[in-house]
Every structure is written in C-alpha cells, then in structure tokens.
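Just so it is clear, A, B, C and D label the chains in written order, and each chain counts residues from 1 on its own.
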Amino acid sequence: MVRLAGNQYGKAEVHVVRIGRGEAFDGGDLIRDWTVSTSLSGDVSACYESGDNSNVLSTDTQKNTVFALAQQLGDVEPEVLALALASHFVSTQQPITRARVAVQQHEWTHFGPHSFARSGRHTRTAVIVHDAEAGTTVVGGVGDLVLMNTTDSEFSGFPRDKYTTLAETNDRVLATAVDARWRFRGSDADWSGAFAVALDVLMGAFRDTYSYSLQQTLYAMGTAVLGAVPDICEVRLALPNKHHFLVDLSPFDQPNDNEVFYAADRPYGLIEGEVLADDAPDAGLAWT
Amino acid sequence: MVRLAGNQYGKAEVHVVRIGRGEAFDGGDLIRDWTVSTSLSGDVSACYESGDNSNVLSTDTQKNTVFALAQQLGDVEPEVLALALASHFVSTQQPITRARVAVQQHEWTHFGPHSFARSGRHTRTAVIVHDAEAGTTVVGGVGDLVLMNTTDSEFSGFPRDKYTTLAETNDRVLATAVDARWRFRGSDADWSGAFAVALDVLMGAFRDTYSYSLQQTLYAMGTAVLGAVPDICEVRLALPNKHHFLVDLSPFDQPNDNEVFYAADRPYGLIEGEVLADDAPDAGLAWT
Amino acid sequence: MVRLAGNQYGKAEVHVVRIGRGEAFDGGDLIRDWTVSTSLSGDVSACYESGDNSNVLSTDTQKNTVFALAQQLGDVEPEVLALALASHFVSTQQPITRARVAVQQHEWTHFGPHSFARSGRHTRTAVIVHDAEAGTTVVGGVGDLVLMNTTDSEFSGFPRDKYTTLAETNDRVLATAVDARWRFRGSDADWSGAFAVALDVLMGAFRDTYSYSLQQTLYAMGTAVLGAVPDICEVRLALPNKHHFLVDLSPFDQPNDNEVFYAADRPYGLIEGEVLADDAPDAGLAWT
Amino acid sequence: MVRLAGNQYGKAEVHVVRIGRGEAFDGGDLIRDWTVSTSLSGDVSACYESGDNSNVLSTDTQKNTVFALAQQLGDVEPEVLALALASHFVSTQQPITRARVAVQQHEWTHFGPHSFARSGRHTRTAVIVHDAEAGTTVVGGVGDLVLMNTTDSEFSGFPRDKYTTLAETNDRVLATAVDARWRFRGSDADWSGAFAVALDVLMGAFRDTYSYSLQQTLYAMGTAVLGAVPDICEVRLALPNKHHFLVDLSPFDQPNDNEVFYAADRPYGLIEGEVLADDAPDAGLAWT
C-alpha cells in the first residue's frame, strides 16, 4: 500500500512589475520588480489520487492573485506582499492549510524621474510560510551579491591525508557570491530597515574579517547580522568559494607576485552554515 | 549569545569522465560522465568560530578524492561511486561524522567503438547521505526528462474564486520536465536495474494515465515506481507544468482545432508530491 | 552628419508547437516544435530618424504571422516555414525589402501515439534570407550535437614560442559540440533528406577521421557533407574543443592510463572553418 | 572540388583577474576582471586539410599569452590589452596574418582598500581586429545595461495587415537591455574617457527621448554617441524590447491605470541599427 505523504502545488516565477506613478519624493515614479512563486498544500489528496479537482485552486488563479494583490497593496516591501498572499490563500480556501510564497526583488536605480537602470549588485528575497497550525514565518535575504577581498585571507593548518596536494597559503584572494537568508522572530518588523542593516553588516564583516577560512568569514557574517538586527534570530549562509588561482608565469621568466589570477568556474568550494541566536523561537516551517 | 547550529562544506560540481578502455562487450570503450558534489559536516565548529582548520578536510582534497576513487572503482554505477566516497570521508576523517555525495550522470550513446554522442534525453542522479549515527541512505533519480501528451488530458471541476478566470478544458496538451527522486530501502540494490525499470514505468504511467490534473499524473507515476521496484520505498516528484496555450487564430479567420500552441516559459505551474510505501523505513537524513 | 547605415527589426524566439492530429503513419500525432525569429529591413529609416511608424510592420504582427502560417502550412520542414514567412513579409509589405527568418527545431521522439519525449541529441536549424534584389538563400544546420572520440586523436608538431608550455600528445580525448550550417545551392531541395544525410556524414567523419587536430576533423566533416549532398555548396562549422584533461594521480601512487579526466568548461578552444565547393554560387546575404 | 574558404581558431573565454597592489589613489588595490577570447587566422590551411600543425599556434599558448601580457601590461584599459595581444600574435607568428581579440570587462566597486563588490550594472567590451593587410580596428562597447522608462513612450501609426491585432498605445513602458558597440576612427584614443562619455549619453538619450518607437530611441542613442565622442565614427545597437504588458484586472473589478505589468521573457522584439558618421573611414574587418 502506498500513500501521498506530502504535496504542494503552485505557480512559479510570476514576473510582476508595479509602477507607482508620481510616488517618489521628487514626484517621479517608484518601481517594484518582483518574481513571485506561490505554493499551496492541504487536503488535496483527492486530486492526486483520483483527479478530483474540487479542492484545487488552479495555479492560474494563483497567478491572477499575485497581480491583483500587487495592485491593491501598492509600493510595499516584498515581505508584505508575500505575507498578504500567503494569508489570502489559507484564509479564503478552506482545503488549503499552508501557503509558501517566495519573492525575489530585482533592484533598479533612478536616473530620471521616469527612468531606471537595473542594478545587478544584488537581489533581495523574502520567503513566507503561513500554516494554519504552525503559524507564520518570515525569512528575508539577499542573493547574487559577489564580493572579493584581494588580501587578508589565509588557508593553512588543515589536515593532510593521502589525497591532499593543496599547498598552504598565507595570502590568497577570497571571493564569493553571497546567498544569505535571515529568519525574523515574528511577522512584523521594519523589513526594509532590517534589509539595509543586514546587507551593510554582511559586507562589513566580509571586508573586516582577517580570514583563516571562508567558514570563519561565514560565521562572522552571520554573527554580525544577529548582532545588528534584534528582530532577526537566525541566519543561514551559502558561500561558494569562487577560486582565483595564481597563474604560474615562471615558464616565461615573469614574476607573479599575487597579481594575475585565473578565475575558475567549476568545481568550486561551497561553504554553508547556520548561525542561531540562543533565544531563537522554534523555526517551525520557515526553512521548508 | 549565538552559536553555529549547522554546517556543511564541500566541493561542488567536480566534472569527471572515466573511460573504460576496451571494456565494452564489443571491445570498444565504456564511458562514465559524472558531475560530483561532496559535502561534509561534523565537529568543525572551531573552524567557523575561530578559523582553526585542523579538523577541516580541504575541499581541494575532496576533489582529489573524487578523481582517485573514480579511477579505483572503474565502471561503476553512480550510487556505488557516491557510497564509496561518502564512506571514505566519514571513516578516514575522525571529525567528519556526515557526508553527503551527489552525482549527476550524463548519458552518452555509442556510434563506434571509440565514438560517443551525448544523449540529452535525461540525466541520472544519485544522492547518498552517510551519517555515523543515522546510517546511510540512497536516493536515485532522473532529471531533465521532458515529456508531452498531446491529448487525454483535462483540467476542470476546480473551484472558482473572485480571481479565477481560467476556462475549463477537456482536451489540453500536458507537458512536463520530470524531476524524480526515489529512496531505496537499503544501501544495496541493483542500481542500474532499478533505474531502468523506474524510468520505464515513469514514462509508461505518464503516457497511459488519462489525466484530470498533473497532480493525478504525478501520483500515478510515483505509484508505478513503487509497484515496479520493491527496493524503492518512496518517490518524490517535482513536475513543472510546461504550459502550451492554444493560439487564438480567429482574428485571422483561421481554425485552430487544438493544432497550434504557444509554448510559454514563465510563469509555470509546479506540482510536487511524495508517494510513500506504508512499510517504508524512516527516511533519516535521505532528503537533506 | 550621421545617417542610418543599416537596420533590422523583428520578433525573436516565438516558440510555436504544431500538433498534427492523427497524421502519423500509425494514426498517432505528429509534432513540430519551433523557435522562430523574424527580422525585417527596408525603407524604414523614417521610423528610426523621426518616429514615423507608417512603414513598420509591428513585431507583434510578425509574431501573429508565425502562428498563422504554422497553422496554414501544417507539418512542414523548418526550411519551408521560414521560406514562406520570409516571402510573405517581403511580398505583402511594400517598404520591406528583406526578411531574415531563423527557425530552431527541437526534436521529439514517440513513445505512444500521443506521447513524446524530447530528444536532447541535437537541434535542427534553418535560416532563410529573402531579399527583393539579392534573392533567396537557404541555410540549414544542426546544433547542440555533442560528440566524443576516446582515442585516435593526437596533437603534436605545433610551433613552440616563448609562451608555449603544452606538451605534445599522441593519444587524447577529442570532444566537441557541433555547430554546423550548410548553404543550399537553391531554394528548393529535399530538406529533410539533406538534413538526415548531413547529420549522418558529419558524425561519420568525426568518428572515422584519425585526428591530428580539431581543425583537420572540421575540414573532414565539412568535406563529407559537400560530398554527400549535391544540393549543398558550402558548410560552416564552429567546433569548441571541449577539453578533457588527464588527471595527475601520481601523488596518490595511482596509475592513470588515459582513464580518468577532468572535463573543463572554460576556457575552451574554438575552431571555425568554411568549406566551399569550387562551383558554389555567390553566397549573397546567406550568412548575414 | 572543395576548398577551405575561411578559418579562424583560438581560445575562448580566458577569465583573468589582475590585481594592482597598492595602485589605487588611496593606497588600496585596483582590479581588472576580464574574459578574453582570441582568434587567429592565416596560412594554416595545411592544418585543416592534412593535419600539419607546424603553422598552428596552439590555443593553449594563446591562453598563456593572455596571462603573460596581462601581467606585463598591468592596469590598462581593455582596448590596450586587446591591441597588444592582437599585435603580438600577428607580429611574432609568421603564418598568422590576422588576430581578433575580444575582451569583456566585468566591473567592481570598492568598499574598502582591498574589498570589492561586483557591479552588475553593465559590462564593458572591446574587440580588436588586427590584420596584416587591412590594418587595425577598435570597437568598444557596453552590454548588459538594462534600462526602463516608465512613461513618455508611444507606439502607434503602424500599418495594419490581416495579421495585425496590436492596439495602438500612447503610453507604455519601454525597457531594453542595451548592447552597444562603437567603432573608433583610429587605434589610439582616450579609451576610458570615450567609454564614460558614451555610456553617459546612451543613458541620457534613452531617458530624454520622447519615444514613438524603440527604433527612434535607438537612433537617438547612436546619434548621441557620435555627437559626443569625436573619436567614434560608427555605433551599432541591438535593443531587445523587453515587453511589459499591462495586466487586465477588470475581471476582478480593479483599476489598472498603467500600474501593474507582466514582464515577459519570450518572444521579444529585437531592434537593430547602425548609425554612421558621413566621414567615417572604411570599416575594414571591424565587425567580423
């Protein structure tokens, strides 16, 4: 005998842009550029098991709801949009007991009252899980933030087994693409303030940590966010080690005093860690 | 106070190709084309918290180990490679208590004793988690398998709320890119036999299910695998609904009797489900 | 003074799927899966220079035309679709004197009368340029075809300058992703027959050439197509050298007798060449 | 009879990072992050036709040369690196008569003397062709620059044929990803000054042009560059129309006064144009 042990269904990557006409302080426009993914679960096993769709809110409707709420809510933080969507689905659809809504916000910068240039510096993320029993969790974050320190990074003192060939180094380039997610203690906070501070201290910790390993830098970054934003109780980081290998120019009788590097794509180190406040509430479904 | 609540680190996407010279039945070569990602965890908090690397097996060494074991093991199934790697790391590195090894196998087809064409039909996957306490789990799978039924698919009977505009349909195109993962009951099985049967019945169930929803098709596919491969106790499927929208040709006075479609990229439906045998052993860390 | 020296505008990547109901020999369906890009040029300088759109067929209309003609034409070769589209635009829009239409055909294989699995083995391409003065050219092709020879490939005898460190080798892996384009002598041919033969001899020449360089293999492939398909007068090939580097396992006291390789992504060699029949007609605008 | 009608071979996508230690005005580091592709041609037909490699500078050597010259040249503009590489290959390898070198420069911003964040705002490009007979051409450019005007854009007055369904609009969102290439009159100029001015006026022309079509905006952008940088004699632009479609919220009794849009991926309009100064020198091989 088999059974449906878990399920979720939704609409992925609804790309919605909301323009706030004349809403900028200078009378220009505001812009919100979001990619939204919704996912619902609940008592929909009849659909999976026999094709009975009577409890299944179509993914097309989920998409429409994203557009409709984006208009109703106006210029809000991504966390606010996601919270409203998740709450809407669970409160209006009796069979749906859980909604997960993920928003990726693409950033733009003004260069005229009606003119914007897309900033590729980073993206901002928000993931809300709203469950009828387990409650609501809010996870904010930043992605696609590529950082490099050109010095003040070592890697040595590691164990050597029979497959170890790596030389120790006391001066290397350290580069990564930051993927950071932070869990809020509650479902009400100064979302944009928290984002701004978190981004600032993540970059500051990366810059200011004399690094003996990317793991150490990761821990410093997570700790910095917890120290700077009391509303945040947990930080999860995934940091690829974007290797920069010093090129051997000695065959050409040229020096290479930590100057010319080959930036490799694959393979890459991948360092992941979770930094948790001792008094953090239970994570519930936050990370699902 | 904060603490490191979880960590893992490793080398991602080591692309290794192993050629078995003269090992094919006809005297030609065999090929294994793998992308391998390793990830270790254990008592390495000193590294995160203070930069003490004495317990950290470098990701470079992990990469070397992938190459070395690929040579030692020869022409093996991806599950065998991943099991050997995971066991190696935990058994030889005292501070490491858990290893997760993921392998993606790219398929090639012969067209000469030494000549191969890459098959883009699907990729095969294996994920092993080997934990000193929780034991070993094996998850096989298939990805990048794009399937389409041109008929025998409906979608109707779904609830209509204020944001519903979707019309009911009793004849639509159903297309998806199958991402299936199956958990084995133990760490010893006929891996390639299981893969071949699972792939066959996944495709058969997709083809033969008169579909009232992609959810229903998903459940039929998962059930078919459990029914056909006794060594498998759980199947997890993620099926994007690759929408094919009928183009309205009426402005041009042309018929369009389910003939010409626009294939959309985004947004897309995403249907996920887990089908579990009633007597399945505990999943442990299989899905981490 | 400045002027508009050239222009083209169109709709890129219209993804159209046409299903032929009951048209297969066994009563099942046929499928054509095309990504179509159209591009028009002509006397539209007023649009560029002053925003006068009276001569500009909108790209939205170009998209509609793709869908409409896909329905009208039915199950045709991609060259036929592209020829019809290009001719349509030039003949019906007086200011438009040139149309370029590119089609990428994605291949599917049957596994049931109404069931298809996408074949990732290769894609088929067609590019038509139809110019009121210069006439019509037809270029067919194949892309995304990844091939590997595990032996019978050398690379030696090359010049050594002060920056040369590469060792000579008399047995290496040769792998590439074939991008081949062939120009037809006229605008009427057995398109699918030509494609089948060209694909077959491209693969055969890759397999059967004992290779001293990828350049040599390229020339053999192009020559084979010209020899096998009289309707084709020119072949252009772009062959990335997908490097497979032998891994040095000697630090681990392991042999590596051309067995275990690291498959690199970047950088890669890129070899390009044009093989032309002596009696080829002028290429006109074929390669624009 | 067939013959080799054209050829080129080289190393693509050498990713080199050069760090200038203490070279910044404040004593911090400078960084150059380049992806370099080289391509050589000349009297190498013996290689294609018979596998004689005696005239073929290996692509591995080309890669080494990129690294070596990056060290020798230090903190230079991408045009300077490309010019030096192209000249080196042609002048030192007798059979090589032409070199094409393309550089993509990835931009970083300081946030500490040794700390950098990658700017995804745009990339800078340079393409040099150095030919023993035809001389040297320099093309600079910018890519990946995504711009949006939220108003001051119309599209109307276009012809309507039987396949036209598009409504006229007098207020739409205009968004594009700028790909601009500019040809210099000579091989000596203030490269970074020209880049800065060109980028500035491209963005300014996009912002300030009340647009009746993207074609018109393109022409204004190209004209602006020619007007602002006397060293530039030709500009080629490829501007995708990144469609933002107004969402119909009327089924939900909601207004949508140019506020909420669906940002589509495919298909997209693609507008291309070349703006040329009347006194521009012959383009030679610049655009090959």
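Keep this in mind: a residue touches a chain if its C-beta (ideal position, glycine included) is under 8 Å from a C-beta of that chain, and two chains touch if they have at least 3 such contacts.
Fair warning: this is a prediction, and the values are worked out from it, not measured in the lab.
Trainee: From the centre of chain A, which other chain's Cα mean sits the farthest off?
Mentor: C
Trainee: I want to compare two interfaces, B-C and C-D. Which one has more contacting C-beta pairs?
Mentor: By the number of C-beta pairs in contact, the winner is C-D.
Trainee: How big is the gap, in whole Å, between where the Cα atoms of chain A centre and where those of chain C centre?
Mentor: A distance of 38 Å separates the two centres.
Trainee: Which whole number of Å gives the spacing of the CA centres of chain C and chain D?
Mentor: The mean C-alpha positions of chain C and chain D differ by 23 Å.
Trainee: In whole angstrom, how far does the Cα centroid of chain B sit from the Cα centroid of chain C?
Mentor: Taking the mean C-alpha position of each chain, the two centres sit 30 Å apart.
Trainee: Which chain D residues sit where two or more other chains touch them?
Mentor: 14-15, 64, 68, 163, 165, 251-252, 265-266
Trainee: Which residues of chain B touch chain A in the complex?
Mentor: 1-15, 37, 39, 44, 47-61, 63-65, 68, 92-93, 155-161, 163-166, 211-213, 215-216, 218-219, 222-223, 226-227, 234, 240-241, 266-278
Trainee: Tell me, which parts of chain D touch chain B in their complex?
Mentor: 162-163, 165, 251-252, 265-266
Trainee: Which residues, counting only chain B, touch chain C once they are in their complex?
Mentor: 14-21, 29, 31, 33, 64, 67-68, 70-72, 108, 111-112, 114-121, 144-152, 173, 203, 206-208, 244, 247, 249, 251-252, 254-265
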